[in-house]
Amino acid sequence: MALHMRFFSDNAAPVHPRVMEAMAAANSLDTAYDGDAWSKRLDARFSELFERDVRALWVPSGTAANCLALAAICPPYGGVVCHRDAHIQNDECGAPEFYTHGAKLMLADGEGAKVTPHTVQTVLDAIAADVHRVQPYAVSITNATEYGRVYLPHEVAAIGELARSRGLKFHMDGARFANAMATAGCSPAEMTWQAGVEALSFGFIKNGGMNAEVLVFFDPDLVGATPQRRKRAGLLFSKGRYLAAQVLAMLDDDLWLANARSANANATMLAAGAGDRLIHSVEANEVFLRATPDEAAALRAKGFDFYDWAAGEIRLVTSWDQQADGVRPLAEAIAAL
Amino acid sequence: MALHMRFFSDNAAPVHPRVMEAMAAANSLDTAYDGDAWSKRLDARFSELFERDVRALWVPSGTAANCLALAAICPPYGGVVCHRDAHIQNDECGAPEFYTHGAKLMLADGEGAKVTPHTVQTVLDAIAADVHRVQPYAVSITNATEYGRVYLPHEVAAIGELARSRGLKFHMDGARFANAMATAGCSPAEMTWQAGVEALSFGFIKNGGMNAEVLVFFDPDLVGATPQRRKRAGLLFSKGRYLAAQVLAMLDDDLWLANARSANANATMLAAGAGDRLIHSVEANEVFLRATPDEAAALRAKGFDFYDWAAGEIRLVTSWDQQADGVRPLAEAIAAL
Amino acid sequence: MALHMRFFSDNAAPVHPRVMEAMAAANSLDTAYDGDAWSKRLDARFSELFERDVRALWVPSGTAANCLALAAICPPYGGVVCHRDAHIQNDECGAPEFYTHGAKLMLADGEGAKVTPHTVQTVLDAIAADVHRVQPYAVSITNATEYGRVYLPHEVAAIGELARSRGLKFHMDGARFANAMATAGCSPAEMTWQAGVEALSFGFIKNGGMNAEVLVFFDPDLVGATPQRRKRAGLLFSKGRYLAAQVLAMLDDDLWLANARSANANATMLAAGAGDRLIHSVEANEVFLRATPDEAAALRAKGFDFYDWAAGEIRLVTSWDQQADGVRPLAEAIAAL
Amino acid sequence: MALHMRFFSDNAAPVHPRVMEAMAAANSLDTAYDGDAWSKRLDARFSELFERDVRALWVPSGTAANCLALAAICPPYGGVVCHRDAHIQNDECGAPEFYTHGAKLMLADGEGAKVTPHTVQTVLDAIAADVHRVQPYAVSITNATEYGRVYLPHEVAAIGELARSRGLKFHMDGARFANAMATAGCSPAEMTWQAGVEALSFGFIKNGGMNAEVLVFFDPDLVGATPQRRKRAGLLFSKGRYLAAQVLAMLDDDLWLANARSANANATMLAAGAGDRLIHSVEANEVFLRATPDEAAALRAKGFDFYDWAAGEIRLVTSWDQQADGVRPLAEAIAAL
């Protein structure tokens, strides 16, 4: 299938040529695990990006990043507040429970998979503070969300302030962090630690990487036993340089932002003529539309591939590698429905 | 450091050019996770190699392969008999306990990190069959072993027969399966399922791959919930085709065997002049030598890099990418000590 | 505080004299763990009660009974559908997640903490059947429920039939099974295995016991590794006869039913004059009432002790040891509010 | 079987009459869980006994006490050094691994199941301090040991000093702490925290209790999440007063010491005529003897009951409830062998 016809997901898009080149360039001997020259650059490179000293560890999947983060901030007998449609709740086959040894996800509401201080507080207030009830230890949000919505820095900060005031740690699942940043237009610092975020799953795979994400701890001490947990989970690859190289290539010349901007722009184009069909405001690279089965079939008959969401709903995801010219026919087809 | 001077480990060697090419060739759009064309070929390709229907799943590290296998064959309240110097016991930061939810490793003796039916039985016979004692559920051996020794098929079969007779499952950690096979000269079938092995961690990373191993279940039913566990551990990569492509390239034209034969031959060359220094018979790509600190320093002064094992012992590991000419100087230096 | 003034909970009531006597009568030497004469009678005694061959294990708490049951019927990567107000979800500090090694509770709705086939099915239907989503393995209901409601046999059977049709195991948390049975008036068999229940946490502690419940598996094979799990959780007491003796005494002459009938009758008396204050229909030994803070204070000023439920709601629980005459003053005080 | 003929184990002995009386005296209404008057006295009563402020929690089994202690002092990715014949290694069906979520027991040698600073250090020194190897976090010893040997305070202190110097926590499994104390003749403080012990499983069940042990944390902060873990394991009984009452009765008038002295004296009597048959010096209430199968059969023919240890070895355990006159016939029979 032609790339520009596929809107099924961004998770299977090709790897960006500059990432492939960086991996090829790393193809010589170096120290194993994360002792190589590439891996050793991560802390400094991400500290520069985030304008403070951070710890940055490569991990090979978003699920791994999320769950190592959760294990670092929530004990086995604790709970993590997240949206009921969060990826950690619905799409990781219980990985949070596995990595945390049984912590409980506490589900909050919110439009577009965005929790708010109010919905988080509603969850918290229902929890009696005694030994019989799992107590909350952390809040986790996804930015951009599972419905392609973006938390702006002040929205993140409001949740961060609530978390801080309740003694909770604060994690951001940034599988599509680049898409959120492309929209928000703020600095990475403003979107994260300045808004109270303590751990970030910084995604690259959906955005042009192959199999490397970065788990960032804004307080270096918070990394704790994460290196041991990463090893213990079979995630400490012996040839770590090929992961670090991917990530470094993505940061060079802000490739990560350029890719995300492109995907976001194409999603916006798709939404432009969708009118009332739009279920969620399009703020990143995902478009959720109301479409009857017949309408969906009509689009598919033209060669477009996408995901059936709920009944009468379809999801279109744009990827870094699509050109505007390639996406335009679908935009026109949607407008013409 | 020049490749041919480095005998520290095979775990950081470069990736074979044909593997890199295969990954580049996979760099187009396909279905996510393991739904792509490359991943879907694994079952058939490994079934062909092993001359029976098998299930073959890519996993991104040897630790992951081993521990998914152990989780499939041993419950949380069970035990796995292995050598006390096994990788799963000493080098995986408790990954077996993590993946199995707390199973116990039961440590057997044996020269060169090879257990024998006798040493396994000694462990088994000491276990009272009651509810107070963790009961054994599996045996795991490493081939080639952590000391570069090789189990020949009849040795594997003897352990397999014991396992079968005691109702235990049988796993082989084949992080260096290729090196063992290069030495044994038998068929993959003879070394594994025909000898009673039910799950194999088939290693490629030390032998020219980047970050893909294959977990093979010889009884397809034994795969059980392994796909769920793989997902739950953050190991189900969204772009799985880059892992499958590595492995398929390694199998093409028996590259895996060619690489291993080369490394083994170079290890044999190193051992040739070592005489009484040899601690273990050299049967794969590892050479353990007695060497005083002065002798070790002398070798290092000539530029050779290697690992200090125990006091007065050094470990030299050859890699797929070294040429005989490059290795010869070290062989001569050892002989001259 | 006088017993008849306390309606805080049934979980701290005294132990019935006949239970104390039975424990004293067991105070001689016997075999340790569950090898003693009392423990050995459990299977037969409960098989008689349930009119089929069952396995019956003593456990020292309701949480232990529930969670050993869940561990027997749901793997670490699975889910258990239960009501969102279930004890296992809210009052066991994550014990289900601990015992199952991270299974997920999947929360269903329903009036009075009673799930229905419809609400269970709603949960099930939202679960995509793929490797990314935790899959359901079991349903667990509480009878009588956390709000003192009772599932009648045909209601249990309807859920049991749904469970069966979806391949799910079926557990009943019977911490107040006696209260449910006293109301339902059916046979234990009709309420459980004839309605599809496969594992029952049969509670005695709230009903006159000290620290013994019984976990009943209606299919003896389903007991699986429960004895190992019980040991492994520190629950296999060396002097098990004192637990078995409690339970056997409770079954003698249907003491369990007599105690429950008494408590239920007193709850009914409390509800008689409550009129519109009643939040849930009173079917067991719990009464939930609307009461303003002033009204609650007025009751407390008369010496009655009870639990503040949600804002403007109070919970009154009757116990086996209260006499009707002792309870009448509270009934009158409620009616007079 | 007459009590005085049974030397199988102390774990099934009757409950002391004063303990039964204390439980009966507690049989009135009180607050649930550990909010009752009896439970609330534990901290103060044990603080008095140990001459410092401690936290003392009832738990219903020795396994539970040990494993809650280990979970408090060792993370899932850590290790606990203990003797290879320790109860936690061999007799708890993997409970340490369950409660700690997969920590590893690291097995040290030592005569009579007593580790020494040297044997512990041998284990520690073999552990490379890197991310691949499980790192030690704690040491656990059993006093009296599984072979009836006693660590004197200076021996405990030597291990405690090693633990402290290596940054390891220090736990004592005192399932037979009373027997050790009866022999050592020191103060409880000298045997424990003054010798570096940070957590003690204080056993009462083998010594006249029914189903209550006490977990003592000498640093109150070390209790950490133990209350949550106790709840989460199904161990927070709703009628906790019956456990606390047992323990308090055992401490009254030093009943715990009187019982242990009696059992120890009887064991010494058994050993008196055993001569070369003695395998371990008798320092508590256990006697291990060499005896041929014929000799063992001869003793059994006289009505004595005991445990066959290894081949050619038998174990005799005396209990608190045996009188010297009752034990003398076995002593004479042994001497006459």
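Letters A, B, C and D mark the chains as written, and numbering starts fresh at 1 in each.
The criterion applied here is as follows: contacts are C-beta pairs under 8 Å (C-beta built on N, C-alpha and C of every residue); 3 or more make two chains touch, one makes a residue touch a chain.
What you see is a predicted model; the values in this text were computed from it and never measured.
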Quiz item: Which chain pair is joined by more contacting C-beta pairs, B-C or B-D?
Solution: B-D
Self-check item: From chain C, the most remote chain by mean C-alpha position
Solution: B
Quiz item: So how far apart, in whole Å, are chain A and chain B when each is placed at the average of its C-alpha atoms?
Solution: 34
Quiz item: How big is the gap, in whole Å, between where the Cα atoms of chain B centre and where those of chain D centre?
Solution: 42
Quiz item: Which whole number of Å gives the spacing of the CA centres of chain B and chain C?
Solution: 50
Practice problem: Any chance you could list the residues of chain B touching two or more other chains? | Solution: 76-77, 92-94, 98, 101, 131-132, 228, 231-232, 236
Quiz item: Mind pulling up the chain B residues that touch chain C in the complex?
Solution: 33, 75-77, 101, 131-132, 135, 225, 227-229, 231-232, 236
Self-check item: Complex contact set, residues of chain D against chain C
Solution: 1, 3, 6, 9, 11-15, 20, 23-24, 27-32, 36, 59-67, 92-95, 98-99, 205-206, 210-211, 228, 231-239, 242-243, 321
Quiz prompt | In the complex with chain D, residue positions of chain B that touch it | solution = 76-77, 79, 90-94, 97-98, 100-105, 131-134
